[in-house]
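Each in structure tokens, the structures are laid out below.
Next come two complexes, and both contain chain A; in the first it sits with chain B, in the second with chain C.
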Partner chain A sequence: MMELLPQALTDGILLGGIYITIAIAFSLTYGVMHVIDFAVGEWIMFGAFTGYYLNKWTGLDPFLFLPVIFVLYFGVGYVIQPVIHRVLSGTKGNPFLMGLVFTFGLAIMFRGLALTAFGFYSNSIPSAFSEGSFNLEPLGLTVTIPTVRLVGLAYALAITLILHYLLKKTNFGLGVRALAQHKDAAGLMGVNSKRTGSYVYGIYVGISAMTGVLLGCILSIGAQMGNEYTIFAFFVVVLAGMGYLAGVPWAALLLGLVQSIFMIYFNPSHTLLAVFAILYIILLISPRGLFGKGV
Partner chain B sequence: MKNRGATILAIIGAALLILPLVVHDTFVLRVLTEGVMWIGLAIAFDVIAGYTGYLNFGHGAFFGIGAYTIGILMMQANLPFWAALPAGGVAAAIVALIAGIPTLRLKGAYFAIATWALSRAIQQLALNVEFTGGPDGMRLEAFLNPQFFYYLMLITVGGTFAILWYLLERAPFGLKLKAIREDEEGAKALGLNPTKLKMQSFILSALPTGILGGIYAYWITFIDPSSTLGDLVSDQAVVMVVFGGMGTLFGPALGAILIFAFKTIFWAYLSDFQLLYLIILGALIAISVIFIPNGLWGTMVKRKAGAARPQQNAEPVSEPAALSAVAAPEEGN
Partner chain C sequence: MKFGFVRVLLLIAALFVAIPAHAEQRNFFKIGVITELSGDLVTGGNITKRGYDLWAQEVNAKGGIEIQGKKYPVKLVYADAQSNPAAGAAAAERLITQEKVDFILGPYSSGVTLAVAPVVDKYKIPMITGSAESPLIWKNKFKYTFGTIPPINFTGATSIKTLTEMKPAPKTIAIIGSNDAFSKATAESYKAAAEKAKLKIVKFSIVPSGQDMTPLLSAVRSMKPDVIAFGGHDEEHVKFVKALKQIGYTPKALLMHCGITDKAFIDAVGKDGEQIFGTTCWTGTAKTKSKVLWPNAAAYAAASQKAFNNPGDYTQGGCSAAGIAFQTALQKIGAKPGMDEATRTKLIAALEQIDVQTFYGRVKFATSGEFYHANVGLDPLTVQIQSGQVKTVGPKASVEAPAIYPMKEWKSR
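Coming up: the complex of A and B.
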């Protein structure tokens, strides 16, 4: 059994790398809009299916579509965000509760739409990278690295770097950070919270959809995959500490490790239980995340 | 006006009581029984969601826990129904207690996520362990007496309604919960213990739900993870309460009646399009949030109040809610 461990760790790190992208975008949206988007898994699922069908119709490699899918879903997010903004800035009832309920409703609707359109089957997206793999032999142990996972990790790192640049080096990023810190004060300093929110939500939806294609190439796609990824996104964000971006990569890697260890050593269908158990213990011991820096 | 409301309630109650004597159609009685059950589930959900302001997106988990507890106790421990029934409620309350300890100290978003994840995890647990029968579900010994279940459901839901009405609308407990919903820090400053109160309200919400799940299991005689622990139960509870009106008892009851009637008609005539039902549920939640954030009942009551006092705008009432929502991200824990 022990000879499988290096393989499990490698798989976990490669998979966790991909979760970083979703989790950062998700965390960013929470920071700016102060709403948890229950539809995160559904955006991933929609992206995956868009990639699947584009690949089927054109026969081109799904990796070529990534920019197209990003632009497409950026548009979708940009259009939907004002509605969420309206709900959140409403004066009737409790806007925060309403925002949560609203995205919860969206998630149910999207799941229904996907089940209607795509059925209950599960598929995977074929890519030029899906077959290839190569072996590494560190310290006499053989570890197989599937090319598709390595490419996925490279993509995730690229996205993370771009987001980091956007946030730290541009005026737009300054506005986003200001909004996350104090919405009203940022507004007084001339940050357009409405438009910035739309951009951030668009970026988040675009990244989630793109990542969905990668996950479709590596694992599988199905209309019900959204549920699982929504829980994963929450897991990462809660572990990192809500709104604490710097903790996200570590939490994402941990999730990847948990998942791959359960796939190899235990029953894969118990992954969700393990994820929940860890979530519960973290909330019990350190509710503000592993680093104690969440809000 | 209060007397008129009481009269209407008494008439509805009396009509529901004598109905089985008039109607002998088993199908109608069955639909009524389930309708009454949904009223109970919706008002129980509203205790934590509407009154306390903590959304439990996994309400169905308590229903399923109740159902499975009864099933296991009756079929594997050979307990009689009446001995097993309270255990269903107690089991749901214990799970609420365990789940509430870490999550209720935190902000609402954590709670919403955690309860939702909990319900998914419990469903997976039921699918994977031996004693629940896994995906095949569990068959209970049949007790075929539609009138018995109708009255049992009616008394349980009626009793729940009366107790909740007293606790939430007449006793100080309801006001304390509303204070937490509007401004948790302020409530703390007034000397309330929010964590304890939230816990009480969560248990108060779980207990009747577990009992209703137990009655449902004995009534339907067959339970499986997708029918009792699936997300449809939670989703419907959310839609009923949001559509009907959060933070009231009559709103969720109204929502439950309307949504359940719609569901019954939909599944009777369009049973091939069950996925469409899911889309409509989701859309209905989103649309209610945008257009009637106070729900049907809240909008009706407000309109009536507005017509009586045309000069006074009802807007300032919701001011604290808006303020606390703006201030929420800066609050430390």
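Coming up: the complex of A and C.
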């Protein structure tokens, strides 16, 4: 069975790539706005269906539409954010809890809306990348890498690097980091918290929607698909440390590897149990995530 | 104050006495439908809804169910089980105690059916599920629950047998099932049939529902099985085919039970769906004859095409057949809407006795043994997707087209 190890590691890393794409922007928006957006899976679902229909109507590869989808959903997020901001800046009750309830409600509403608009069938987004795979033969062992999953990993790394650059090397990023640290102090230093929050939420919704297209090419799409991605986004972000962006790729890769290795070498029916167990153990040892840098 | 409280209690008690436990006067049959209209199993739930709706539509178009010379229309009252057994059980309680339905048309999934069945037993309300197939339902011997689709352990063996008759005969098989009541039972039935057929089982795994199975399939690929058999639901079928294609492994035969017979699956996977085998007990081209509602399978498929732009699959057909079974039993005992407990008990006896030819084939419920109250009147079929159509390729008596074996490689399609 050891001859399967290179394949298990490869599959785990590629699966981790998918988890990065789901969780990275989710982590960003938590870090800045301090809202756990339970609608993350639904933004992914909307993006997937947008890619599906654009491909169906034009016949062009869905990856070509990623920039269009980003711009479109950036706009949607930008417009919606003030509403969430208002819920979160309430002075009565518990605004954090109200934020949770609000996004949970959004998720349910979006699911119902999608069911009405897109129907109940599962579908798939065809892409030129979905067709092939290539083999590597290290030490005489065959390792198959599906092209579309490799594209997914590349996309995940690109998004991570772009976000890293944006946060660390630009004035906008400086404002975002200041806002994440202390909203009032950032405001006193001239950071427009409302507008910056809108940009961040727009970026998050845009990235999530693009991720939907990718997932539609690798896996499948359906009006109810969002829920499972919301759960995984949450796992990854908790494991990485809430709001600690740099931890997301490592947490995602760890989850992917655990899942892959457990599926191959142990009982596949207990895969999720293993994932939960590792999450709990890590949180017991380090409640602020893998690197102890979460909120 | 004390007197007032006692008066309120007396008033409530009087109301309970005044309103009979269940019976209600009305001139139509009020039928509860519990199915998955949201959640992970929303596709299957809506397919069952189509089946029940088409039956109700056809009955009402003919004026209703004729009982002793008078026609009673049917009215369906839906409750969403949300793909969640607990929500299904709560929905059953509501339909029975608040809506006071005459009887129930049951859920899509076996998991929800297993949660609803004890509730209908408790309230003594007859239920027929037009979809659920897990053997567990029938092994529990729920008195008030029936099913029109034969259990998977009744049908699954047929496809394995068909595959063993291919030339050159497959020698090895990998079996994977998703971890829900139906899919697990499907995988187990394939396992039992493969053991009986002396196929070497190189892998048998049950995986959590909805998971990415690529790593597991990579392991399966290294074992080079001739046949891969999978038990799952619609979305998982799509993911499974894509994962196999992505890792570049084409078995000689891929068997995926009955979800593949829906046109939507063929549309979703396109040319990758070609030559996939499935197990079913009905297709739109099945040679059936009936005097109730639709004369044969083709007429039903045409009606479905007209109503939903989809010819319907075995689940949808099973749901419409469930309506016909109730209709036949009601006519047999002359039951009118607003049935009391005694009439509902008679209805159970009538359902146990009916033996009716429908567009779906014969409906005859077993009255004892491991298939208690499941329909054992049908013959299982092995089907294969060929040029975008579902063709029956086994058993020999029902063959529409010869099976294509081995499967064409993914990359040369």
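Just so we're on the same page, the second predicted complex is superposed on the first by the 259 of 295 C-alpha atoms of A that agree within 3 Å, B and C clash if a C-alpha of one lies under 4 Å from a C-alpha of the other, contacts with A are read in each partner's own complex, and residues count from 1 in each chain.
Please note the rule applied: a residue touches a chain if its C-beta (ideal position, glycine included) is under 8 Å from a C-beta of that chain, and two chains touch if they have at least 3 such contacts.
Because the structure is predicted, anything quoted here is derived from the model rather than measured.
Participant: Please work out whether A:Ser133 is in contact with chain B alone, chain C alone, both, or neither, and reply first, second, both or neither.
Facilitator: Only chain C; A:Ser133 stays clear of chain B.
Participant: Check the residue A:Phe266 against both partner chains and state whether it touches chain B (first), chain C (second), both, or neither.
Facilitator: neither
Participant: Return first, second, both or neither, reflecting whether A:Thr144 touches chain B, chain C, both chains, or no partner chain.
Facilitator: second
Participant: Counting only touches as set out at the top, which of chain B and chain C does A:Tyr165 meet: first, second, both, neither?
Facilitator: In the superposed model, A:Tyr165 contacts neither chain B nor chain C.
Participant: Figure out whether A:Ala8 sits in contact with chain B (first) or chain C (second), or with both, or with neither.
Facilitator: A:Ala8 contacts chain C only, not chain B.
Participant: Touching A:Tyr121, do we find chain B (first), chain C (second), both, or neither?
Facilitator: A:Tyr121: touches chain C, not chain B.
Participant: Considering only the touch criterion stated at the top, classify A:Tyr53 as touching first (chain B), second (chain C), both, or neither.
Facilitator: Neither chain B nor chain C is touched by A:Tyr53.
Participant: Regarding the shared-chain residue A:Phe276, is it in contact with chain B (first), chain C (second), both, or neither?
Facilitator: Only chain B; A:Phe276 stays clear of chain C.
Participant: Would you check which partner chain A:Gly105 touches, where first means chain B only, second means chain C only, and both and neither mean what they say?
Facilitator: first
Participant: Could you list which residues of chain A make contact with chain B in one structure and with chain C in the other?
Facilitator: Common interface on chain A, chain B vs chain C: 111-112, 115, 227, 267, 269, 272.
Participant: Can you tell me which positions in chain B touch chain A when the two form their complex?
Facilitator: Those in contact with chain A are residues 49, 53, 55, 57, 99, 101-103, 105-110, 112-114, 116-118, 120-121, 124-125, 127-128, 181, 231, 235, 238-239, 242, 246, 275-286, 289-290, 293-294, 298, 315, 318-319, 321-322, 324-326, 328-333.
Participant: Name, in rising order, each residue of chain C that touches chain A in their complex.
Facilitator: 38-40, 42-43, 45-46, 83, 179, 205-208, 210-216, 218-219, 221-222, 234-235, 237-239, 242, 245-248, 264-265, 267-270, 411
Participant: Under the stated contact criterion, what part of chain A meets chain B in this complex?
Facilitator: 30, 34, 36, 38, 83, 86-88, 90-98, 100-102, 104-113, 115-116, 180, 182-184, 227, 231, 234-235, 238, 242-243, 267, 269-270, 272-273, 275-276, 279-280, 283-284, 287-288, 295
Participant: Which of the residues in chain A come into contact with chain C in the complex?
Facilitator: Going through chain A, the ones touching chain C are 3-4, 7-8, 11-12, 14-15, 18, 111-112, 115, 120-124, 126, 130-133, 135, 144, 146, 148-149, 218-220, 222-225, 227-228, 259-261, 263-264, 267-269, 271-272.
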